[in-house]
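The structures considered in this document are given below.
The two complexes that follow have chain A in common; it is paired with chain B in the first and with chain C in the second.
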Partner chain A sequence: MPDQVTQTRQRIRELLVEMHGPDSFVRNVSDTVSLRQQGLSSAALVSLLVRMEDAFGFEWDDDIQPEVLRSISSLADHVVALRV
Partner chain B sequence: MTAVLGTPTAVTPEASIRWCPVPPPYGPREQSEAGRQAAAAALAAAGSAVRAVPRATGGRPDFPRGYPGSIAHTDRMAVAAVVPGAAGVGVDIEDAAVTERMARFVLNDRERRTLLAPAGRHSPVELFSAKEAAFKALAGTVVADGLLFWRIGLVRSDAGLVASFGGLSMPVWVCSEAGSSFALAVRRYGTEEPEGNGRSTADGGSGEQ
Partner chain C sequence: MRARVRDGVELYYESTGSGPVVLTLNNFFMTTPAWRVVTDELSVAHRVVSYDLRGHGRSSHPETYPSWDDHADDVVGLLDALEIDKAYLLSTSISTVLARDVALKYPDRVKGIVLAGPALGPRGMRRHRLVQRAWLLTLEHHGMAALYAHLYPEVFGAEMIEELGTPGFLGLRESFLALSTKEDLTNGLKLALTGESSPDLLARVQAPTLVVIGDDDVLLSPSGAQELAAKFPDGRCEIMPGAGHLPFLDDASGFQALVAKFVDEVEANA
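Let's turn to the complex of A and B:
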């Protein structure tokens, strides 16, 4: 499980780099910090969520809680929980 | 780059809207400063003696009492809107591409069918921007707690669009040019929807994929 979480966080980080480039805020952002507070726009958030569906093979539920979308860590935890 | 867009047709006459370009190197600090300058200009145009807009808890701009407003920016352009006497104001500008997948994520079936071409006259980026502006105009209300912007519902109206969520509704004016979109939402006091007409989380949106 810890490996799954680590790998998932890394994949989400790669998706963010694909979107924003290696020299963007992604390079220094920690796994637990709020992505919105680091400057991730609404459009970028939605783009990330769509890319995650493709990367991890799932669909977001309509009733997803906002806390899940807060950080790389919370996003990864959600993906891993779906696979349990 | 986001151009200075025209004021949407039939926008509420009390609105003061001002633009300010973001100077190089176009970073977060420059974007924030341009937003504050746009807000000061909009406040001046609205007649406010107070022109400063400090950050409130959570980072939201704290407009002077009686002069509610909102700020938005891209990396090249900032805009602010002030509407004296409004209950809430939200403004948004978007220059990011809104792909078909993204549109399906933020718009529900009915919104896509009735508001997008060919049945409707709006583009995906306009509707994205409209929901984001309405989200900002709901800030501070009970329904805003934990709200995701795409759960706000949109319907067509004579003047443009009406956004609603949790029993609150408001007009939204949108316009776009060369792929950039501008939206202004103005929430008035006493404009709650009749009981039973409010959109719930379940049907208000579209995390639908």
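Let's turn to the complex of A and C:
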């Protein structure tokens, strides 16, 4: 499980790098910090969520709580929980 | 940037471009940054000024929440602070009430008003107020995320909702939750339930008026919008196909073109 979480976080980072480039805020952002507070726009978040659906093979649900979308860590935890 | 107006209150504002001044008026769910992507083309040939209302966003939050009169006085206070003689007012939803009030109270400072997805109605505002009351109840009893879920399908057009899908619903919610506080929205929605609602006031608005309505605006029909525009002495109406209550989000370029055309026509006839 810890490996799964680490790998998922890394894949989400890769998706963010695909969107924003390697020299963007992604380089220094920690797993637990709020992505929005790091400057991720709502349009960019929508794009990330679409990319996650493709990358991890699932579809988001309208009932997802706001806390799930806050950070790389919370996003990864959600993906891993779906696979259990 | 911040401009000082009455009572030591400071209003956060942004100003872009040069030319005839278009001053945006936030509805209570918006703050200044939201205008950037829907006025970028307008600011090529116009000066677009956006600001946070008193008691909202990055502007001062006085102990007592402002009245409609305070908001109207702030518009002129901001124009004075920026040494702007006259401006076009670009309003949306509930801020169309503010545009009406400023045009009535300070006719010499208003060159024209744009009412996008008006809260004003040709026979009154009761329907809109019932909707706002329902939003307020949801906010007070269930919180911000529930309010977002409540208003999302009422505010956005069906085409946009389908296009954005669940990622759009969830992603825009993050922005909604970050831009406002529960207290700010509660204050704004309570104010929205007050003030003059008679359509008879509209006949006294001297400024040229453009009503822009999405034909998928669930709060006002296209025929209702045309009827509303006819209440103004110099009113006209533009209908945006497929757009919802915030038509500038459905088609930012199309909306800006309508506003630019309106401003240019008024300027040409000045």
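The rule we apply is simple: the second predicted complex is superposed on the first by the 84 of 84 C-alpha atoms of A that agree within 3 Å, B and C clash if a C-alpha of one lies under 4 Å from a C-alpha of the other, contacts with A are read in each partner's own complex, and residues count from 1 in each chain.
Rule of thumb we're sticking to: contacts are C-beta pairs under 8 Å (C-beta built on N, C-alpha and C of every residue); 3 or more make two chains touch, one makes a residue touch a chain.
Fair warning: this is a prediction, and the values are worked out from it, not measured in the lab.
**Student:** Of the two partner chains, chain B (first) and chain C (second), which one does A:39 touch, if any: first, second, both, or neither?
**Tutor:** In the superposed model, A:39 contacts chain B only, not chain C.
**Student:** Going by the contact rule set out at the top, does A:82 touch chain B (first), chain C (second), both, or neither?
**Tutor:** After superposing on A, A:82 lies clear of both chain B and chain C.
**Student:** Given the touch rule stated above, what does A:49 touch, chain B (first), chain C (second), both, or neither?
**Tutor:** A:49 sits against chain B and chain C alike.
**Student:** Considering only the touch criterion stated at the top, classify A:62 as touching first (chain B), second (chain C), both, or neither.
**Tutor:** A:62 contacts both chain B and chain C.
**Student:** Is there a shared patch on chain A that both chain B and chain C touch, and which residues make it up?
**Tutor:** 41-43, 46, 49-50, 53, 59-62, 64-66, 69
**Student:** Touching residues of chain C toward chain A in the complex: what are they?
**Tutor:** On the chain C side, the touching residues are 145, 149, 164-175, 177-178.
**Student:** Which of the residues in chain B end up touching chain A in this complex?
**Tutor:** Residues of chain B touching chain A: 28, 59, 94, 96, 98-99, 101-102, 105-106, 128, 132, 146-150, 201-202, 205-209.
**Student:** Which residues of chain A touch chain B in the complex?
**Tutor:** Residues in contact with chain B: 37, 39, 41-44, 46-47, 49-50, 53, 59-66, 69.
**Student:** Could you list, by residue number, the parts of chain A that touch chain C in their complex?
**Tutor:** 36, 41-43, 45-46, 48-50, 53, 59-62, 64-66, 69
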